[in-house]
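Structures are listed in the sections that come next.
Shared between the two complexes below is chain A, which has chain B as its partner in the first and chain C in the second.
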Partner chain A sequence: MKREIPILLTVICGLLVTVAFFAPAPDDARGIHPTVWQAINSELLAWATVLVAVAFLLGIANVVRINLRQVAARHPDRWYKVVLLVSMFAFLVIGLAEMHESDLPAPLLRMLVPADRITLQSGGEIEGWIMESTPVGLRVREGEALEERVIPHAEVASIVEPSLKLWIYFKIFAPLQATMFALLAFYVASATFRAFRARSLEATLLLVAGAVVMLGQVSLGNEWTGGVAGEVKDFLMNNFVKAAERAIVIGASFGVLATGLRIVLGLERSYLSE
Partner chain B sequence: MIDLQAAASPPWPETLDSAAAAWQWMDAASWRLAPWVQPEKIPTLVAILVFAWFMFASQRKAKRGVEIPIRRLAGLDALDEAIGRATEMGRPVLYVPGTDEIKEIQTIYSMMILRHVARKTAEYGTPIIVPTKNAVVMAFAEEAVRQGCADAGRPDAFVADNIRYLSDEQFAYCAGIAGIMYREKPAANIYMGMFYAEALILAETGFLHGAIQVAGTSRIEQLPAFVAACDYTIMGEEYFAVTAYLTREPSLVGTIRAGDVVKVAAIVLFVIGTWLATGAQEAAGRTWFDVYQRVFG
Partner chain C sequence: MAGTLDIDRRWIYLAMALLVVGLYAFGMSRPLAPAPESQRYFDTIEKLPEGSIVLFSADFDPASAAELKPMFHASLHHMFRRNLRVVSVCTWPAAPPFARAAFREIAPQYGKVYGRDWVELGFLAGDDVALGQIGQSLRSAYPQDKVNKAPYDDFPLLRDVGDSCRGIALLVTISAGFPGILEWIPQLTSRYGVPVVAGTTAVQTPSLYPYYPEQLLGFLGAITGATEYLQLVAPGTPAMAGLRDECQRRMLVQEWSHVLIIGLIVLGNVAYFASRRRRAA
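So, the complex of A and B:
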């Protein structure tokens, strides 16, 4: 039963989503209304989102388990693991604190969430934490005891809402990601250098075609060749490359279709344990 | 459901002797089928049903014992070679299941391949490390490796700590894998699944560490990266033939044959479409090529 129930669920959900894909589209002009299939489809997608969110906790548990074990075993790289765990939990705490500003006790709020700055029409400035914007005004926690008050919209000139979470993301994480991405340029150069060595007829053809495409791709190369490189590049890309690409894509599409059908019909079971 | 008074139904044509009449017939049929199915998706539905029929017919044929040959795929033969080399060197195998979620069919397929790879590594007693970018994929990978070890009769070979969730962020995941390559020095790197810009970074990092590398994907944009940096690349449709090739299970081999038959039909349709498009170059009014385009997109 441990194996049959997941297969049965897969088949039922797969068939329902497939039927929903083909089910009549709503058309007010002709009086065709959304069908039960579309509702089922939306519901299943919502369930999938919930499942993914729950699975995220499994991911965190995995990171904590593996890295804590290595720290405990005094692994030579343990300090990297410590940095990872501290960063992960610090970001988690800061993110949660920003989401629950209105419920946090005053000391925690002061420690974890940077204060918002509200400039008033009168020229004065208030430092506090904006909870929400209501039709009446801004609901703010401010003062020594962080008491709530409402500042009417008419009195507010401008607002600055700093976010530690976004600061970390944009000032630390995004540059690190950009650094990794930038490495690609060097890897492209090294991989191209190896691939373009004229060791055989095929490799020589690749080298010549690659050189022509590179020349045709940049204005300077086109200028040097009087526009010939650009035309040859277009010819190669629109004929040889596109034909090969389409052949691969069509072949792969049938593979996708076959695999999808096998899974939806419950014929493919090797991804489940026995 | 449809209100029949809401719009007038297009009439059926009297004959089907011209492209304009065929177009009118399609209009009439689409209007009447609209309450039951989206008319523009009917060709897709028919194509799926035809494919499914071929698939079942080929499976039956294969199960009856009719041998369906599969051409030799060097990349798949290289999987054993890569695992064997890692075993000889006493170093682990790194299996990267791509960067997409489990809803991507290539990722699901990667899990099936992972099970076979895990069976082999368990047979040889070689550790396998599987870094994942998604927590759901991690759960699937755990099951695939556990099952692969069980298939090999070595359930004790499963090491839970080797199935790792790194990060949901693309380049953080990429950096994590590069770190594993530096620190744990796998002798064989296997990339199977959906890859994006990180493909070349991973493959080049693996190359710099001297690992034997086998990649498989049907994502066309990343194929050149793998071809340039890996020892073997399984591309396009070959990727979806991996389990059939490795297991020779009749039902799986049958689906490959069905794909080939439908591919031949597709080629015939391309030729017809090219012929119709050429004929329609200077024709006025509704042409048969318009009808063809309406059916096949």
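So, the complex of A and C:
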């Protein structure tokens, strides 16, 4: 039963989603109303989304397990692992605090979420935490005891909502990721010098096509070649690249179709570690 | 190995660094002629009737922001200038802060009201399953918005979007990879007939040609496409002039970087053939 039930569930879900895909899409204008297939498909898609979200939690658990093990084993890179774990949990806590600031007790709110600044039309300034914007005004927690009050929209001149989460995102995470990506320029330059060789006919074709596309992609190359590089680039992209990409996509799609059918029919069981 | 020409790779790094920094600081930018794909991207948005609803998806993260953020901002300016209504979604977990910052900065410039002119729905996990869910029913994919956590039907804009993408006039995706434009096309365009245009990274651009121009109406290829599009958008949008000039400067850097790389390819091959000839002799 440990094998049969998962296979049965897979077959049922696969068939239902396939049938729903080919059922006519609801369209009020043409008098096509949602069918039971769409309802089932919608439910299954919602389940799949929930499963993916849960996979994030599993991912966190896995990162913690692997890195803690290496820290415990005094791996030479253990301090990097510590930084990773501390950063991950710090960002998680700050992010969760900002998402749920209306539910946080006062000490935690003060510690984890920077206060918003509301400038009033009268010139005064209020420091507090905006819970939500209602049709009447801003619901704010402020003062020593963080009591709630509503400030009418008409009294508000401007709002500054500092966010620790966004500060970390834009000042640390974004520049680090951009730096890593930008380093590619250096590696590409070095790699082309060392590895891009006309060793065979195929390699020569690749090399010449690559160089022409690079030239044709920029206006300088077109100026130097009287526009020939651009025309050759367009010809290559609209004919060879398009044809090759289509062939790859269609081939891969047949592969996906065959694998899907094998899974739906219960013939492919690698997802059960068989 | 580079044949007999054994250059320390740090010299190549230095040459690239000097080229990038020097041109970025002192180079003179110049306009580009728009490619047909970029022109069609612009025309598709330009021709939408006022009040049309656009599903605007941020499918990227900071790694590709240098290429994609300018086109994301320019597209938003263009859509608000045309008085289109925008529904913002994200399929990459690191994308929402970029989307939120762009909307917060640009929407007030056009007097746009949250809920009426634009709504932020945020990130939905699930990759192409999530895209399928958005296509089938935006309401079930996003029961509430991201900013106010208010129910879907509280927003006049969202009430005009029904199941099977009814009411969505165009999908605009700024896409860095998976999930992105190549997943949106089967999930929304092929299935529900939603027209789509996309902005992508240089790496992803060649994979878009099979879909252009039938399924994909137009696209912006990397910073080149972004610059061409900005040149088209900026004349009617003064706020875009600075970003256009910035992108033109980046294009200058890219042009000469291409030339440097081609030069290195030639140099490496000359050395390779020279060493082969010597070995044969």
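Here is the rule we go by: the second predicted complex is superposed on the first by the 263 of 274 C-alpha atoms of A that agree within 3 Å, B and C clash if a C-alpha of one lies under 4 Å from a C-alpha of the other, contacts with A are read in each partner's own complex, and residues count from 1 in each chain.
We take it that a residue touches a chain if its C-beta (ideal position, glycine included) is under 8 Å from a C-beta of that chain, and two chains touch if they have at least 3 such contacts.
In this text the structure is predicted, and so the values were computed from the model without any measurement.
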Touch check for A:Leu58: first (chain B), second (chain C), both, or neither? first
Using the superposition on chain A described above, determine whether A:Gln177 touches chain B (first), chain C (second), both, or neither. both
For A:Arg69, using the defined touch cut-off, is the partner it touches chain B, chain C, both, or neither? Pick first, second, both or neither. first
Which of chain B and chain C A:Thr49 touches, first, second, both or neither: second
Between chain B and chain C, whom does A:Glu132 touch in the aligned arrangement: first, second, both, or neither? second
Just to be sure I read the superposition right, which of the two partners does A:Ala185 touch: chain B = first, chain C = second, or both, or neither? second
Just checking: does A:Leu205 make contact with chain B only, chain C only, both, or neither of them? Give me first, second, both or neither. neither
According to the stated criteria, A:Val150 is in contact with first (chain B), second (chain C), both, or neither; which is it? neither
Is A:Val36 in contact with chain B, with chain C, with both, or with neither (first, second, both, neither)? neither
Which parts of chain A are in contact with chain B and also with chain C? 21, 25, 27, 29, 48, 52, 56, 173, 176-177, 180-181, 188, 190, 192, 194, 245, 249
Which part of chain C faces chain A closely enough to touch in the complex? 1-2, 7, 9, 12-13, 15-17, 20, 30, 32-33, 61-66, 94, 97, 101, 124-127, 129-130, 132-133, 136-137, 140-141, 148-149, 162-164, 166, 191-192, 206-207, 209-210, 224, 251, 254-262, 264-265, 267-269, 272-273
Can you name the residues of chain A that touch chain C in the complex? 21, 25-29, 34, 38, 41-42, 45-46, 48-49, 52-53, 56, 132-133, 166, 169-170, 173-178, 180-182, 185-186, 188-190, 192-194, 196-198, 207, 210-211, 214-215, 217-221, 237-238, 241-242, 245-246, 249
Along chain B, where are the residues that touch chain A in the complex? 1-3, 6-7, 34-38, 41, 44-45, 48, 51-52, 55, 101, 103, 105-106, 108-109, 111-112, 115, 134-136, 138-140, 143-144, 146-147, 150, 161, 163-166, 168-172, 174-175, 183, 197, 200-201, 203-205, 207, 218, 220, 223, 225, 227-229, 235-237, 239-241, 243, 251, 255-256, 258-259, 262-263, 266
In the complex of these two chains, what residues of chain A are touching chain B? 21-25, 27, 29-33, 48, 51-52, 55-60, 62-63, 65-66, 69, 77, 173, 176-177, 180-181, 183-184, 187-188, 190-192, 194-195, 245, 247-252, 254-263, 265, 267-268, 270-274
